[in-house]
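Have a look at this one before I ask anything.
When the chains are written out, they are named A, B and C in that same order, and each has its own residue count from 1.
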Amino acid sequence: MNIVECINVTKTYRQGKMDVRALGGVSLRIKKGGFVALAGPSGSGKTTLLNIIGGLDAANSGSVVVEGRVLDNMTQTELAQLRLRKVGFVFQSYNLIPVLSALENVEFVMLLQGVPAKERLTRARSILDDVGLAGLYERRPAELSGGQQQRVAVARAIVSDPAIVLADEPTANLDSKTGHELLEMMKKMNEQKSVTFIFSTHDRMVMDHARRLILIRDGLLADDQDRDP
Amino acid sequence: MYFRLGWRNIWRNPRRTTVILTAIVIGVWSMIFLGALMRGIADQMIQNGIATLTGHIQIHHRDYRNDPAVENSIAEPAPMEETVAKLLPPGSHWSARIRVTATAANARHADGVTMVGIDPPREARVSFIGKAVREGRYLRDDDAFGIVIGRALADKFETGLGKKLVLMTQDTEKNIASRAFRIVGIYGAEMEATEKQYVFVTLSAAGEMLKLNRGISELSILLPDHQLVAGTLATLRGAPSLRTYDAEPWQNLLPLMRAYLEIYDTFIFLWYLVVFIAMAFGIVNTTLMAIFERIREFGLLKSLGMKPWWIIKEVLAESFFLLLIGIIVGNILSFLSVLMLMNHGIDLTRFAAGSEFAGISRVIYPSIYGRDVLLANLVVFILGLVVSLYPALKAARFKPVEALAHV
Amino acid sequence: MKTRWLWNIVVSLFMIQAGGGVIAAGAEDGRAIVQASFDYWRGKTSVASVDMTIHRPDWQRVMTMKAWTKGELDSLVVITAPAKDRGNGTLKRRQEMWTFNPKVNRVIKLPPSMMSQSWMGSDFSNNDLAKSDSLLNDYTHRIIGTESHEGKKVYVVESTPKPGAPVIWGMQKLRIREDHIFLTQEFYDEDLKPVKIMTARQIEMHGGRLFPTVWKMRKADSKDEYTQLVYRDLVFDKDLPDSLFTLSALKNSPR
């Protein structure tokens, strides 16, 4: 089952007086449970593609379908709803709300979704345990290391059972050991809970871990290596 | 949740928050405290005016107010006094007076004064003079030649108890009437101008001197509660035996004071406005700074699926707490300040001449009106939230992609 | 003006010279002395030119006036010099007084409040002129001694206000010569401290009578502040019509 489908997606944006073509007609399909890396040099359009898939940005032409929903003509409100319920984001940095504890950060999305308090607490605790942060529930982001912060971000991204988790260069700010640990953890989540992970990266290590590697260059697909059956 | 976020967010930058809180506290304090002082001044002015012979309502001959001369007296006051006695609410007091301008002279000094012929026991219940005598004694019914003058006048004339004072004025036959009185008492009043102006003799002495027979210049009425003025006035004006006379409330009798009161009201209003505008700028500025520092965070929130309306609520929650704390502390400070001044007031005797000119008493006490406090608080709170909408809307409009790309 | 009992005195002097004897000589009573002076001037008229000098420590002002009196109740005084004050005048008829100022061309009736003000800027008050018979009626008089002046006997009279009399003075001390000439009038306050003093000197023949030429009113505590009247051209008993003591006469300054 295809959880994400892009059909001839283009994106052009204005920079100063120039029109820059970020994506020039990208089509791809991603299956549920995938662990996919979109790789390419900076400026290749990978982040743009990720944003469009996640409903953070809109394509100029073409179609995007996420778990059967067509994003093309969705209003801002509908997109927000989509992001809330169906998409989890992990960014390179500044993933967490600084004034909330790890637990609260994870609870946050569930709160927006209207999950009752008791359930929120249980699930949040549980997921934090899963990502290896048992006992650090009350710590504020400032009291956690870079790696730990990213783990909380991942926990938050997956706690609400999204269709896809989009991670934009999640290891970029971490040292190789921590990055490696993070990736291992994400892979485990992917395998245990069947959560689809889509990365945008130019980190060799991430590319190696990915089971499917899509190369993007100058806004177009350059290569697609799928190791999944 | 947005309250929790709002609360925690304002303490991210404690110094900035303290600064804006201080601004709000000072703003609120100044609105309430200065408002209370102004009200205190106004209240005292009113009380003073009413006590200094004006009373709540006065009844005169039609032409008396235009020309307070002896010709414009109420020649036969008896029917009117009967009616008044019947129509006034219980607990009221009233007193008849003869009031004309005269010249007072002794061997060394002469000056214009207002001679007031009073009915001593009744007058004591209506105006200040009954309790105001500081030296000597108050007038008695049988004082044919006794006079009570103000301390400032006694000083000016270099005279004192037991000495002579000759009053000269015009009688009803247009002749010069003069009479030598002896000072039996010296009174003190709120304002020096009062002491220099009014000299008191008995009604009968004045009537005899002016050849007025039973005539009087005015009837002054003191009601038990000044809220009753409007109603009582209407009743009196409707009475047939009073139709040929003029019944006026204190507001009309003291137009200068009325003008002062209106000036004070306008001043308070302008003060509130200015203070609020200054605070508003502070609030908007602080909140704008706070959200611009967190652009990326707002991008994050949006990416998590937060709706713009929620973001507005969160920013408003931050302002909400700032305003709440500021208002509470400001109110506490105000009440403390007022409490401190309740007993001693602010002593303006150094500025006595100037403050008299502005109609202010020598010592001013603040006077808190619940209505004013409520108004000040509501204004700050509601308008504070309203101006916070501007930064809130700005925050809600950040585009996630651009915001996230922000440093 | 004080001219009232001045005329009284002069006429009584005339009577003396006519051999009628000194009226006061027969009555030791203080009141009689004062009464006689007042009585004497009923129905008498006078016309005079007077120079008035108002003197202060720093400056001095001189005015010339023409004065007509009839009896003790009516008088008209008009300033004739200097030019800037010419035409200003005061009219007194019985108890009422009016002033006129040609520059403003208005006649103002003096209200009670102005009665204590100074007359024409001098040390005399309007009251001094208007209530001239107050001295007679509002006081009790007592001879307290005798002196002599230019060979004549002078009665020193102490005048005390009657209780209830509307006069501002506590006491007055008069020095009246046996020929009815007022030499001195001292005004005292209630504490019997002197406030102002009027003296009349240089008694000469005028219009056939002895009359003080120089009158001076000064404040008791200052020798440098006074008003001085010097009489010239004094004529008595001329026939003066009633129309002279009217408001129109006041405005038109008769010659």
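Points to keep in mind about this one:
Rule of thumb we're sticking to: a residue touches a chain if its C-beta (ideal position, glycine included) is under 8 Å from a C-beta of that chain, and two chains touch if they have at least 3 such contacts.
The model shown is predicted, which means the values in this text are computed figures rather than measured ones.
Distance from per-chain Cα centroids to the pooled protein Cα centroid is smallest for B.
Each chain gets a centre from the mean of its Cα atoms; the one farthest from the centre of chain A is C. Between chain B and chain C the centroid-to-centroid distance comes to 55 Å (mean Cα coordinates, whole Å). Put simply, the C-alpha centre of chain A and that of chain C have 120 angstrom between them.
Work out the mean CA point of chain A and of chain B, and you get 68 Å between them. Residues of chain B touching chain A in their complex: 1, 5, 8-9, 12, 296-297, 300-308, 310, 400-401, 404.
Residues 95, 111-113, 115-117, 161, 164-170, 187-190, 195 of chain C are the ones that touch chain B when the two sit in their complex. Interface of chain B with chain C (complex): residues 101-103, 105-108, 110, 112, 145, 163-164, 166-170, 175-180. Touching chain B in their complex are the following residues of chain A: 51, 54, 56-57, 76-77, 80-85, 87, 89, 91, 94-95, 97-100, 108-109, 111-112.
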